[in-house]
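Each of the next two complexes has chain A plus one more chain, namely chain B in the first and chain C in the second.
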Partner chain A sequence: MRPIFRVARATFHEAWRRRFLNGILIFAILIIGSSWAFAYLQPGAELQMVIDIGLGSIRFFGMLIAVFLGTRLVPDEIELRTIHTILAKPVSRAQFLFGKYLGGVGTLAANMLLMGAAFYVVFAIKAPQFLAEKPEDAMIVAAMYSNIAKAILLTFFEVFLILGIAVVAATLFSWVLSVIFTFVFYFVGHMSDFFQQLSDPERGASKIAQIVMGALYRILPHFEIFDIREAILMGTYTPWSVMFKTIGEGVAYLVVVLLIGYLVFNEREV
Partner chain B sequence: MLLFVSNVRRLGHTLHTDGRCWIIGLAIETEKLSKIYTHDANGQPVGLIDLSLVVEEGQIFGLLGPNGSGKTTTLKLLLGLIFPTAGRGQVFGQPLGSNTYKQRIGFLPEGPYFYEHLNGVELLQFYGSLFGMGGSALSARIEELLKLVGMWDRRFIRVRDYSRGMRQRIGVAQALINDPDLLFLDELTSGLDPIGVVDMHHLLTDLRDMGKTLFVCSHLLKDMEPLCDRVIILNRGKECRTGTVDELLRVADQVRLVLSNWSDELKTRLATSAADCEVADKQLICHFQDQSQALAAATIAVEAGAVIEDLGARRRTLEEVFIEAVGGEEPCDQSSE
Partner chain C sequence: MKLYRIVGWLLAIAMLFAIHPLDQSLQYDRLVLGLRQPTPWFQIVARASGGDTELAVTGVTGVIVGAALGGFREVAASMLWMKTHEYWHKGHGTQAKALWLMRLVTLLDPHWLEPWRITAWHLAYNLYVETDDPALQAKYLQMGVECLKEGISWNPDRYDLYLELGWTLFDKVKDYEEAPKWFRAAMRYPHPEYVDRLVGHAYERMPDIPRALDAYDYCMKRNPLDQTAVGATLTIRERYLPAWDLAEQGSYDEALDAINEYLLAQPTSSLGLHVKAHIAEQAGQLRLAYDTWSLAGNLSALDFLAQRKAVELAQRLGIPVEETPQHIYMQRTGKEMKAGSPDRDRLSR
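So, the complex of A and B:
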């Protein structure tokens, strides 16, 4: 286990030197901060606007960082040949791969926490102003505080899953291809409901469509379940049972993805 | 077995088994190890072809050959960085790539690459931590190694700002961090200044005297000749010559006579008794099968007015052996054995 953490730590330190990723983070924080200003565009729904922009940005920029960090983690080591001296030490390929992933998770988590903190600051300032105008919405706003934390927590697991897919894709394909693959996976994963509908015989799906679309629905990750923004805006609580089910599904998917990565990387020449 | 045990005592190792057989004595063993990347325009395989070698503990073993002959490929195979297309190999009795033997080895890659944002101390800390080293023991080891490779004064410079030779030096330090029993060194002295080269050669022999095994790849034959105990000469992926350096350099008891101020008439006379005669640098060099023939020839030469420049046992240089082996059309010219 030890080498995994050593590799992860080195990866974490190294990742902060990637200017491009720092750029994304700064840009994200600027957008989240400026949701403040945008909010005036929708009088009466200012808080909703802040939440929409804030959580949406965390999710979107988290995903971007996951893709651009994840697809570089292992290829950089191979192309810059830093991997040679590391694998010549008592570090197995599996330990190396999981160490890189874990270092990416740490980096991503830190980035997300910074974005989340920026969002919470904006929200904590906006919410009392909103309440002063609409005291009758006190219940909804109270629910928002905990729901936002839950939403961010789900987003963590969502981007960790994307990171896993990116890391593994990069062991299989060239860099450009792995970036495209991960994006496609992400967007198509958002449409998994759509595939379910297409495979529904009651909606007139043919036999072939039932099989193909049904298979797609089962194979693809269901990224939309990680998005609970709507529930927050409605002011409904997302129960922990749903949280656990969603996180469980994400982790199970991640395990399968990393297992595939392990099998591929174990045979990979460096 | 007894021989092994005494050998082990001498090297200060402890005996251990892998459950089936004794695994001491041999550091590296390969059997028809091959890595064929592609085939060239003539249909010849490119990479490494059927390499069988045995490296005993405590040796300096030289893997020599021209550029592209398969030296680095061999090292990568032995370290499990790439996988053989055929054949097999073991390091310390373990299959290639096993984590068990990696505890006991060090590796200096060719033109080594490291994390650019770390300085020398941080880099060695990282590599040491991969072995589970830490605390004051690791700090002491790092200081010792940085001094050994002449990087102590420059220990806070980041790798990004290193010169080529500094990379090489830190590369040697990281290879030694775990006090390995077996070292894989790819072009140890490349990029080093003359003093650095001499230092590294001393380091090699010091390490051997400490009982370590050294597996060195190089195309610098003059450097390797006095250092290596055994060598293999590779060419275009194939093994051409193998043996102890002495074996390769000795030419069956011949005597060599070098003359200057010679005449063509003398040359024809000597050629009758000599094994061979050749002209190089205006000097006439003749080789004789035994001493009395050489002595007689020397007398004749002196009487004919020639000057003896040198008279002694014939020894080739590794360079000559090498050129003879790899110079021809075929990957390995075995004709003149």
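So, the complex of A and C:
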């Protein structure tokens, strides 16, 4: 385990020196901080707008950081030839890959925590002001605090999964191709419902198309499961059983992704 | 190929398929708990693509796709809403494309109440006056009502759209039997005080004097300082209750005398005429009822109830008369008012 943590720690420190990541983080915090200014675009639903921009930004910029960080973690080591020095030590390829991923997770978690904290501060300042205008929403707003924390927690696992996909993509393709692949994977993952609908025999697609669409639906990650904004907006309780199931599915998918990454990376010429 | 690779790949594929049952269970939970996205993004895109080409479909679709995938649905809804404002201020507000944009906004963000309210108002009020065809006007009324009912299905725990629907039925359709049901639904949630009084106002105009008094009584119990409810109760008791009570006892001639006495002083009183026409209907004097409803309808262009009742009675009496949108609406929705008093509980006062 020790080699994994050493690689992870080194990756974490190195990642903070990447300027583009800091740029994305600062931009994200600026957007989240100014979300209340956009709130007035939706008269009568200002708080919902703050939540949408805040959580949307955390999700969007978290995804950007995951993609651009994940696709650079391994290729940089190969390009700079530092991977030879590391692998010459008693560090296996699996340990190296997993350590890199864990370092990325640490960096991403720190970034997400900062964004989440910024959003919570904005929400805690603005919610009482909007509540003064609509006191009948008191119960909905009270439920929002815990639901927002749960939504941010689920976003953590969503971006960890994207990071895993990006790391694995980078072991397979060149940098540009792996960035494109990860973005496409993310968008297609959001379209899984679409594949399910197309695989429905009542839609009239050919038998082969039904099988292909059905297989795609089963294979692709379903990123929409990490989205609980409906519960936040409606002020309904999100049970922990659903949270655990969502996290469980995310982690299970991540294990598959990292296993594929290991199988590919283990055979790759570096 | 090395054995560990074969096992590894098989394991990865097996795990992918093993996740499926967990996913199915989770999808079911999300459906039951209402956590799924209100409208799948591809349905919104399909709707957007089928719209007016003048609206630069590609741009609009881009906004929607970006929003649906990136998580900024409310932002996209706001942008489209601003576009509807732009149309409005250009004078294209009453065109179908403005309506199409409004509909997209409600699909993107069904929990934003303003688009439901404005879209329904646009249909029931603005598009309504754009045509002189009663059948088309009735259709717009129906669309407005349906729009609000759909909005309520997305936002059942807030008073706003119940009130809006009640108000549309009260003010535009003049369905005073249906409107109080929606005002009462609004009253189940935190709401402004005037909503309570609207129930009484609806029954007063219907007219159903006992239920109106009961509604005002409720307002006064909730707030003894509610001067509107106090004033309405005094007015009803003084002006209409004597005639109503006589009619309830079956003394229709005396009841008509009593209300005529009031109408001598206030010959254009809409409520007085409504009460008189109602008593005449109960007494079986359909011609008098028709004349009275017609008079009330002619005195006020906005007294759609009187105009509708006049059409109903004219058809029963075989008098040729022009249709009204409200009458067509009631026929289409199967709610044409029956002659006489609606089925209500007899309330003791």
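Simple rule for what comes next: the second predicted complex is superposed on the first by the 268 of 270 C-alpha atoms of A that agree within 3 Å, B and C clash if a C-alpha of one lies under 4 Å from a C-alpha of the other, contacts with A are read in each partner's own complex, and residues count from 1 in each chain.
Please note the rule applied: contacts are C-beta pairs under 8 Å (C-beta built on N, C-alpha and C of every residue); 3 or more make two chains touch, one makes a residue touch a chain.
Please read these numbers as outputs of a predicted model, since none were measured by experiment.
Q: Will chain C clash with chain B on chain A after the two structures are superposed, or do they fit?
A: fit
Q: Going by the contact rule set out at the top, does A:Ile86 touch chain B (first), chain C (second), both, or neither?
A: first
Q: Tell me which of chain B and chain C touches more residues of chain A.
A: When the residues of chain A touched by each partner are counted, C comes out ahead.
Q: Please work out whether A:Glu224 is in contact with chain B alone, chain C alone, both, or neither, and reply first, second, both or neither.
A: Once the two structures are laid over each other on A, A:Glu224 reaches chain C alone.
Q: From the overlay on chain A, compute the angle at chain A's CA centre subtended by chain B and chain C, rounding to the nearest 10 degrees.
A: The C-alpha centres give an angle of about 170 degrees at chain A.
Q: Per the contact definition in the header, classify A:Phe185: touching chain B only (first), chain C only (second), both, or neither.
A: In the superposition, A:Phe185 touches no partner, neither chain B nor chain C.
Q: Going by the contact rule set out at the top, does A:Arg17 touch chain B (first), chain C (second), both, or neither?
A: Only chain B is touched by A:Arg17; chain C is not.
Q: Closest Cα approach between chain B and chain C after superposing, in Å?
A: 14
Q: Go through chain A and flag every residue that touches chain B in one model and chain C in the other.
A: 267
Q: What part of chain A is in contact with chain B in the complex they form?
A: Touch residues, chain A against chain B: 2-3, 6, 10, 13-14, 17, 80-82, 84-92, 267, 269-270.
Q: Applying the document's contact rule, which stretches of chain A touch chain C when the two form their complex?
A: 38, 41-45, 48-49, 52-53, 55-56, 59-60, 135-136, 187, 190-191, 193-194, 197, 218-219, 222, 224-225, 227-231, 233-236, 238-239, 241-242, 245-246, 248-249, 252-253, 255-256, 259-260, 262-263, 266-267
Q: Once bound in the complex, which stretches of chain C touch chain A?
A: Of all residues in chain C, those touching chain A are 5, 8-9, 11-12, 15-20, 22-23, 25-27, 29-30, 33-38, 40-42, 68-75, 77-78, 81-82, 109, 111-114, 157-159, 189-191.
Q: For the complex, give me every residue of chain B touching chain A.
A: Residues in contact with chain A: 76, 79-83, 99, 102-103, 105-107, 109, 112-115, 117, 126-127, 129-132, 171, 174, 178, 184.
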